[in-house]
Amino acid sequence: MIIQLIISGLAIGSVYSLVALAHSLIWSGVRAVNFAQGEVFMAAAFVALTALSGAGRLPALPFGAAVLVGVVAASLIGLVIYNVAIRTTSKKGFLYALGACIGFSTLLQSSAILIWGSTGEQFPAQISMVPLRVGSIFIAPQDLFIMGISLTAMIILYFFLSKTRLGTAMRAAAQNREVAGLMGISHRLTDSLTFMVASCLAGLAGILLAPKFFVTPQMGSMISSKGFTAAVLGGFGSIPGAVLGGLLLGVLENISAGLISSSYKDAISFLIMVLIIMFKPEGLLGVKGGRKA
Amino acid sequence: MLRVQNLTKRFGGLVAVDNIDLHVREGEIRGLIGPNGSGKTTFFNLISGFDRATSGKIEFMGSDITAGSAHGLARKGIARTFQHIDLFKGMTVLENVTAAAQCHARPRFWSSLLGTPSVRKEDQALRNLAMEQLEFVGIADHADDLASSLPYGLQRIVEITRALATRPALLLLDEPAAGMNPTEKQDLVELVRRINASGVTVIIIEHDMRLVMGLAETITVLDSGSKICEGLPAEVQGNPRVIESYLGSGGVGKKQTHAYAAEPSGALDVSGASQNPAAKGQDSFILSVDSLNSYYGNVRVLKDISFKMREGEFTALIGANGAGKTTLLRTISGMMSPRSGRVLYKGEDITGLSSDRIVARNLIYVPEGRGVFPALSVQENLMMGAFRRSDKEAIKEDLEYVFGLFPRLKDRRNQKGGSLSGGEQQMLAIGRAVMSRPRLLLLDEPSMGLAPKLVDEVFETVMNLHDEGLTILLVEQNARAALSVAERGFVLEVGSLVHEGPAAQLCDDPAVKAAYLGG
Amino acid sequence: MKARHHENFITHVLPFILIGVIALVPLLTRDPYLMHILVLGGIYVILAIGMNIITGYCGQINLGMAGFFAVGAYTSALLTTRLSLSFWLALPISALVAGVAGVLVGVPALKVRGGVYLVLITTSFAGIVQVILNQWVSLTKGPMGIVGIPAPAIGNVLIYERIHWFYLTYAIVAVIVFLAIRLVGSRIGRSFVALRESETSAQSIGISPAFYKVLAFVCSAVLAGIAGSIYAHYMTTISPDAFGFNLSVLALIMIVVGGIGSIPGSIVGGVALALFPEWLRALGPYQSVAYAAGIILAVVFLPKGLLMMGVDAVQLIRKWFLAPDETSEKEVS
Amino acid sequence: MATKKSLRILILLAVVLVIAAVVIVSQMSRTKSEIVIGVVGARTGDNAALGEKQANGAKLAVEEINANGGVRGTELVLALEDSQGLPAQAVACLDKLIYRENVLAVIGDCQSSPTLAMLPVIAKAEIPLLAHGTSLSITQQNNPWVFRTRANDVVKFSSLVGFLVGEMNYSKIAVFHDSADYGIGGADAIIGGLAERSMDVVANESWTPGDKDFSSQLINIRNTKPDVVIFIGPMVDMGLAMKQARQIGIEAQFAGGAGIESETTVGAAAGAAEGLIFAAGFISSNPDSKVQSFVSSFEEHFGYKPDDFAATGYDSIYLLAAAIEEAGTDPADIRDALANLEYQGVEGTFDFDSVGEGLHTMAYGKVANGVPTYFDPNNQ
């Protein structure tokens, strides 16, 4: 029973991790927060779905290509959000960035309703629905698929950040913007890059969950806040923290829902958020007394 | 009235305030001086409750206030100003001061809501009190101006007035004269005297030695967290330890001859451009700065700075802190843009270009405090230096060259930059600069916070780089060390160049000492 | 001295002009549709003032207003439906309860370092409130909400007609505006602003951050509670879905659009955000897209808010038409 | 003095602005010549899908009616407003419809809480409201102007229970519902229905609307080994729940009320809905000719099969048309006409009782090969 809960918790958790990663990357890199992350998540799923099933004159693409299209779309949206909502308001203060981002999430959601309608669509499952049975435990192949892809994405991210010049530059800028400038690294570049990478992750998360969930214009709203909780839980701005936080949140949610009461599931995620912020603001893997959030 | 007993404050490993004893008599003016990073401001934060002491005891008018909260102590009668002006910008001057005047008044929520006569009378009283303070200080006519709209000097005064409005017994002034012009400073001295005369005890941190020496009866000198000397201004000025703490130890004097003999060997041509020894002969100025004026907000930090540097030259720029050395380098390297004046680099006007553009022209700035990327490995840090370059082979060579310069770095190539010692970080910072193939290298306070031995080591490498034909502009507080390695020297005092000459002569020039210690 | 007069005028006179002008609308039309929008607008204004006290004046970003609003609405609804108290008793009580909620949020909020965490913690509070409303069925009737909330009565006259609600709401708004102006003008308001501008300096002159931050939270919560109570009795039926995250966001947008740290700004913002979407109804399916676009533009392009923009416009007009008069004045002052 | 002047200008400016506002809001009033029917429903927000289907059903009906010469020779016109599923907004929509568009009658909202908020306004404006929310309380506000054209939860689920226990002889029934009014109301109805037969549910689990992951609750249900699991909640949620139920190895028969057979739900269930039994007023595969013609023309208009909500919108318009045809354009007459009307719609036979409940019987269906099929247990 418990194991069953943990496994399905890990599946959803790995997706939380991706979204949490997106939040943490942006925070550590640009000192900003993208409150429209959930809608990026949603948009990517819709775009990928459209690519997969083909639209108008466009031919239907294979899954892999569709994913690519969706992720690219997400990163472009991220770029726009940075340049319109974040960069313009950076001088005016957090309040304005917040307002602009929220404007964007509404914009994306209502545009989605206009383009794809509000009824939502089913994302064709990529792998069999038949559950694998291990003893009394049932494992949905889909869950394994999700975990696998998220893991790969995280590994790729790790290599990008640690092994490539641009990735290192992003980390450098995250640690000391001014000096990074002295190395000839322009902020505009790294900031945009950070937003695009983060949006890629959020987008990928959306596409991964699409077959498990149903693709609707509203699918992003809850995920984004779960992503925040996960990021804070692991330590806001910490990359490994985000991964851990996501998995942990997924499992905690599932177990508590299974053993206590399912109806208070969301309350639990909120509660975790409040408790962490109050008693361990640096999170599980964050630096104590690290930069203010 | 203030009695501090072996007060200590640690931040992690660093000991910012080291076992300090201090007695301040009722009604005196106490000067608190010391070079950068000597823990003066931390000391203030401890007394005023903004930081908790690690150990030790603070007594104020007989009561133990070691664990007092900042706002609590303000009500107890300890007022302070801040090193970097921190006014309520959105408020008018009067509002700023009134906010302080209500220090001892109860909130009186309901009566305020209903605006009962009594509370109105009280509010009026507060406003009058604030007004009195403004009149006492002599800025009453600015009462309704927005605080942020005032000139810098006046903002300092407003901050002092705000502190006064809490009717303190002890007033802590943190570099009140910073960024003031001579006349403003005169008024300030006079004001502090009047404040003191009105029965307020004053402790003042100040870098303008003339001012503080003239003002304080007793002066306490801190160096790297501990009290090194206390006494009358004259005594302090003569005290060798004080002079050393400011002007620095002898440094690598032995290398001086070497420094003069220095001829670009061109063995490894760091600048990438071919460069024959003769180049130094002709009038080819690699850098020429003319009548540069830079401001922080309303503060004029650089005043018509003009100087020229030849290709291959090694110039030291010295002066007490607050003199504007760093600002000058930041302006040249494009991290801030000047209000007026021009910076010519190899004849090209680079004034106001963004820093990454200027880097692209091989003008490299090694910032104060090194700016090592703490979470990047040593090698990654170095590679970031070569961010703009794509010539993989050459980058490899240079990497090896840097490791040649600093063998320690080679050993630690995979360590995180943050885990290095101060000296190693400095080497890393210089190495990183070399990686971007500098033509002109701006070095900011490489000796800061380093043990003398390391200082020598760092300066030696810098000299070697110069021998390799690199043009260097070195900024140093540690005047002696700097002058011992450089060929030429400039002395900067409160924003303007006051002396210029061969390093050897400046080294013993009394005027230099004056620039630091006044008198 | 002139600057001071100008300030005085904007902070003390303008708000009542605005309310007065709105109160005159019935002379033009008593059309229930417009009245409904304006009543909502009035409720929004109260919410916006609350938001402005905590966020605009004290600088603490609070995205939990929906939570306080809901607490007020449900308290009032339960008191009147279950214990059949009168609205006039339920209103202050629900304000009080909301105030207590304000303490519950304000105290933890003290420990929070920086804006983002504050946003997250206040959002979580609102989220928790909504979950409770949905799940504690025995008390709140869960998602079905509470039906048949009685209309308030003055003497034996029921406040039922839209027009009556219009006058009642704006009477309350006027009182609140009056008190709010007093508050922000008082030493307390001064301390709020001091904390916003610089917490360190505020401490250095004896202002206790803990006390004043919590106080600010309570004030805004109380106002949100009052707004909620009015809302409940006006709608006569409430359900959790009316108190979602969007409401908190709305409160934020209202002060950003109207003017941050300004009471008259709150009035403009509140009414504007009630009218704006109705105008957009004409656009049919595109309305919410246009709405979102409008928000983004407002946030990015009018940082000072609609009100100050209007005031500046007035200044410009004066510069153009009253130039001579201007000069004569300089001579005077 | 300066402030005096700016004061005057400001008042002027403010007055101008307000007048402008008033004008903009009160623009485009309709002429009374045509028969306008208002439709209130969520077109944005979480329940936009319901509103869209309801509106499409209504559109189709209006088109057909006008094609046949309209009502009493005049064309029917629809005025659609977006309630976002929020009470305050629903009231605003209603106001706009009544005082701007001069509607004769209103249909909607498709959710209960907005509908409840609309009731006082309707009572005051004295025009008929054909309500589509299924919460019982809607018809219990003794508001003579309210007519419900969908089976309420009690009717729907007690009859479902009757069918499952009576006809199909299932005994171990588990109910899995959302914690919103639909779910809770439905669950109560089921428990009540079972209680009549002195039985009880073996498991009663719930989820918060919008949840995506139900494993924990489903595991609890699995452990009670039920014959039937009845799902009640938002369409998407139900679909996901069924899919995940199969994924963790629940083999029981699935069942549910109207909406569960919708393409949305069946699609979301991705195969898990196969064999699902449901009770609905409307079943798109009902052989009845009237239903079939509706389904085919709806599909060709909007590209997807109609469901409960679409059918309700469709029937509501026809009901109004019939009533107006008979009684003319006086609201009171229309109300009385509706009350006495007996009408065969695509949802079944409408016969409004004293409180305004229209539907009292249910049809049963089964999902076969992904499509809801009309289901008659006798000839299985």
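Labels for the chains are A, B, C and D, by order of writing; each one numbers its residues from 1.
Keep this in mind: a residue touches a chain if its C-beta (ideal position, glycine included) is under 8 Å from a C-beta of that chain, and two chains touch if they have at least 3 such contacts.
Because the structure is a prediction, the values reported are computed rather than measured.
Each chain's centre was taken as the mean of its CA atoms, and the one lying most distant from subunit C is B.
Here A-B and A-D are compared, and the pair linked by more C-beta contacts is A-D. Centroids of subunit B and subunit D (each the mean of its C-alpha atoms) stand 71 Å apart. For the pair subunit A and subunit B, the distance between C-alpha centroids works out to 43 Å.
Centroids built from CA atoms put subunit D at 35 Å from subunit C. For subunit D, the set of residues touching two or more other chains reads 43-44, 179, 208. Residue numbers of subunit C whose C-beta contacts span two or more other chains: 131, 134-135, 285, 288.
Multi-chain contact residues of subunit A (touching two or more other chains) are listed as 110, 113, 263, 266. Shown are all chain pairs that touch, namely A-B, A-C, A-D, B-C, C-D. Listed in rising order, the residues of subunit D touching subunit C in the complex are 2-3, 5-7, 9-11, 13-15, 18-19, 21-22, 24-28, 43-44, 80-82, 85-88, 91-92, 95-96, 98-100, 112-113, 116-117, 119-120, 135, 137, 141, 179-181, 184-185, 208-209.
The residues of subunit B lying in touch with subunit C in their complex are 48-50, 69-72, 74-75, 79-80, 82, 86-92, 95, 98-100, 102-105, 107-109, 112-115, 119, 123, 126, 144-145, 162-163, 165-166.
Across the complex, subunit C is touched by residues 27, 33, 84-85, 88-89, 92, 94-96, 98-100, 102-104, 106-107, 109-111, 113-114, 221, 225, 228, 232, 236, 263-264, 266-267, 270-271, 273-274, 277-278, 281, 292-293 of subunit A.
On the side of subunit C, the complex with subunit D involves touching residues 2, 5-6, 8-9, 13-14, 17-18, 21-22, 24-25, 28-29, 31-34, 36-37, 40, 131, 134-135, 137, 142-145, 147-148, 231, 235-239, 241-242, 275, 278-279, 281-282, 284-285, 287-288, 310-311, 313-315, 317-318, 322, 325, 329. Listed in rising order, the residues of subunit B touching subunit A in the complex are 333, 335, 354-356, 359-360, 364-365, 367, 371, 373-376, 380, 383-385, 387-388, 432, 436.
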